[in-house]
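What follows is a pair of complexes built around chain A, which joins chain B in one and chain C in the other.
Here is the complex of A and B:
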């Protein structure tokens, strides 16, 4: 008896068991909310199902239907426009803001905090603020634009302007993250390199272009990849601010597939959209990394 | 090329501490001047002030006769070599060399000519396409040197350029630096804490401590006639032995040693003698009792550490507190350098002969040298 008790105790207290015990909550979460949905939605994309009644196996039919779907095409175009605007504005804007904040100004901490606040504010709060700012009749934006003789604009309620209003709102909401990352990177640039460039005869712009910018290359690549992935997965802001409207003016893939799967009961087809989007993101990321590898220099 | 002048230059980073205190210095056209001293002595601050990377709190800095206090580093026409080289990591060696010229809008053929010339002088021809990360420490040092050379500036400022190299390479690069200076004759200010570099490279050396100049002079002059205790303890390796002594009645007394003395009486003095001026005593002549502790044979000479009766005097140049070799406070550690033939054994009791002419005397209160 005593021998068996000792064996059990030894087994329970071994590193192997203890290790898995510590890791299991995280592993469980990843499996339940990560792995299972990934595999399940892959299977779904080959089926016709509304998630309630039994599913039929349809092979590649869902994928074949996609090119003929004008709403899918529209949402992909919106997504492309959004990404092409959001990524440069948030990355370049983040860089310029970081450069402006990377100096010993009075009250610099307050500015830095202010820039980061929108990142930690929940999306719903951001959207409520922007619904008010972009209100066509009583909004701050039209009032200010009116002062310089512009507008009024309909913003979220205009089929031409809604997508761009979302770009503006999300750039405001996300720029703080890029600023913080750039600020950290700027502070990691060795001071002697800037001093060497100064002595070499470079002006402020020359130093920025020839020393600062190249040394920020790895961080810029990271932010471009990261922002692109986020931009292509846009959902919350669209859902809350415009609900895809007016009409279908702000339909983007994730919003569209959400509507299909959870409001239209067309889960198989929605899963196929999700997988196409995944493929697009994967290819874009690989291309970005390949191009980046040639342009970005990593310090030894 | 130009001369560099500092007049009563003071630099304070905070209210109560002067990193550099009233420095007045003239570097002649084409001179190789060394600023040497322990860390925190203000030598790098002085160099950065000349470069324009810091602004003086007071005083004037002139390069080539022009006051440059308000001139940016870019317009001072100086080149600097940094301690860790500060090569642009994303540029090839060629671009690193050409960068300064490009920023100054030098015509392309001229850039090419100067880069080729510098790379020939420094043996960089095969490395022009490489990035700094693909270079060894010695090669990076050459590139840093080359980046300064191509500029053909009025003056070179070098901030401990050899300190990141291993010992062998340092000796080699030291000679190379001297060769380059002899060839080009550009005014050079060179900062180091290494007194061997100071002694071998400089036309003149400036010994600094706590933001103040301790002595300026030719290397041999500073070595032979240190003006104060700090310089005595700082210049020379192994450092000068400094012991408490007494000048009275026409002689200097120190332990059982008695040296003739013709100067005025002084109650207490520091008596200094260089390790290489101590020899196993022959017959006659003044000598000092000595017990050998540690023997370090170096091939061409033997460094002998031991003790003698007396009290050591601190010069203020010690890097850190010495570990006492003996417990009794009545004995002082001293070092001697012998010829290999005279190598003693640890534990030997012997007498060290002293040449009276070679003895240095310092006032213990003012810490200044006493003339003889």
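Here is the complex of A and C:
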């Protein structure tokens, strides 16, 4: 009995040792570059620091200053407008495109590739292309819009149009992602359900509304949550295409906090903005999931 | 939905529609009228980029713009290579990306396997803390991460781009979920035969995990190759820049030389586009797997 007990104990200890040996490289990296920064950032938001000289505590002063900061307010408003436009366009556009692509047509692979390719194009490459397509003088967009009697527009260089131009550009870059996710989900819909609806005499539109759309509910909810999170974290496109301008017309929270922390040396206040944004994202996600829970029916 | 089902669905998304053609295959379908405009809008900016990259500067300053190639000034490409260290940036990006892909495959496999199969002290707590980092957006941690990397004297080196990204919560989570779908009997049999945990992982588990590993590799590749904000903050010396950061500085310096800018852009995209065409199904599967998780 004693021998068996020792064996068991040895096996257990060796599992502890082996388990930690396997997990520790990744866990260490995530602790150092993930967990510690989360806590540190929270502390920073109660400090005044320029990242070089020692910090000192200021309590809630950074958070109290936020509502009185017009640039912060502008950034949040721009972010809200951007999200409200970007999410429906990219999700609904992705759904319609996926439905159109989900059929055995001639050349379907070419269509799919065309829709997928922008997903792998980097942000900076996308921005360089769209600065050119949206060039007010020589750009393709003004010429094409002119053919149907619209424009000319100043796009990125106009205070009114810059944010909408960023919406258009990012929808182009993102929609392929949503299409891929929707296509995968569409192909998971059982044929029998569609056939049963056909036998019951449902038309194509009826099948889409009453069979396809409800079954895509979970995926739609995921895409709405996921694209909202990404929309609220918008940075690269703003930094590269407009640098927040013209003036402050395209300031968004992450861009503002980048400017503060890494160009203005106001890191504590920037950390407070980061945490407020995090809270906004968290609350929005929870609300979306709660509303989604009521609207979305998961298949049995 | 289990990971294997998810990957099967994603596989089909990459392959083609499950439905059989219903007679109309050789007739003109009205769906083309929907799909052609969509495809044109998606592709035209890219086509125009290539056309502009082959024009002279005068031709780019022309209205209305020409959508038909009017010249073939291949010289733009060699000019770009002479004016900026694109080859260097390409090598830097390749080193960083390959290191991160290799690191993620190795460390996330080890950790994912430990979390899936080995009972060790503190496992649940460690796993929950790892998952928590998945929910916190990058900009929340960016300032302290910068300070940590600075205190390690890695600022302005490729190490700043590699070290923090050698393992990620996403990869650990994904592989753990996948490993748990594999039949445990094979591993138990091997243990009875005296195989070590490491031997089991590398000889039994990983060979069965090809699709999951390929998906993680592709996702890590895309994230690392296209990353911009982190290199922007940590790299200043042009010799240490990645392709994306280098391209951004090139854009700042050549805003009016549209033809050179487009040539640089085409070159920066080629590697990832080539990979996309060669491994389209893995890209698609990678994305579809992330999505279907929700």
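Keep this in mind: the second predicted complex is superposed on the first by the 274 of 300 C-alpha atoms of A that agree within 3 Å, B and C clash if a C-alpha of one lies under 4 Å from a C-alpha of the other, contacts with A are read in each partner's own complex, and residues count from 1 in each chain.
Quick note on the criterion: contacts are C-beta pairs under 8 Å (C-beta built on N, C-alpha and C of every residue); 3 or more make two chains touch, one makes a residue touch a chain.
None of the values given here were measured: they were computed from a predicted structure.
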Just from the overlay, do chain B and chain C fit on chain A, or is there a clash? fit
Using the superposition on chain A described above, determine whether A:36 touches chain B (first), chain C (second), both, or neither. second
Thinking of the overlay built on chain A, is A:120 touched by chain B (first), by chain C (second), by both, or by neither? second
Treating the CA centre of chain A as the corner point, state the angle out to chain B and chain C, nearest 10°. 80
Superposition-derived comparison: chain B or chain C, residues of chain A touched: C
If you stack the two complexes on chain A, which partner ends up touching A:196: first (chain B), second (chain C), both, or neither? first
Taking the superposition as given, does A:210 touch the first partner, chain B, the second, chain C, both, or neither? first
Partner chain(s) touched by A:152 [first = chain B, second = chain C, both, neither]: neither
By the touch definition at the top of the document, which applies to A:88: first (chain B), second (chain C), both, or neither? neither
Pick out the closest CA atoms of chain B and chain C after fitting on chain A and give their distance in Å. 8
Taking the stated contact definition, name every residue in chain A that is touched by chain B in one complex and by chain C in the other, in rising order. none
Where on chain A does chain B make contact in their complex? 190, 192-193, 195-203, 206, 210-211, 214-215, 217, 297, 299-300
Of all residues in chain A, which touch chain C in the complex? 15-20, 22-23, 25-27, 29-38, 40-41, 44, 51, 97, 100-106, 108-111, 113-125, 127-130, 132-133, 135, 137-140, 143, 172, 175-177, 180-181, 183-185, 187-188, 191, 218-219, 221-223, 225-226, 229, 233, 235-236, 239-240, 254, 257-258, 261-262, 267, 270-271, 274-275, 277-278, 281-282
Quick one: which bits of chain C touch chain A in the complex? Just the residue numbers, please. 9-10, 12-13, 16-21, 25-26, 29, 31-32, 34-35, 38-39, 41-46, 48-49, 52, 60-65, 67, 107-108, 110-111, 113-115, 118-123, 126, 129-130, 132-133, 135-148, 163-164, 166-169, 172, 197, 201, 222, 225-226, 228-229, 232-233, 244, 247-248, 251, 258, 261-262, 265, 268-269, 272-273, 275-277, 280, 283-284, 287-288, 290-294
For the complex, which residues does chain B have touching chain A? 51-53, 72-74, 76, 78-80, 82, 84, 86, 88-90, 99-100, 103-104, 131-133, 147, 151
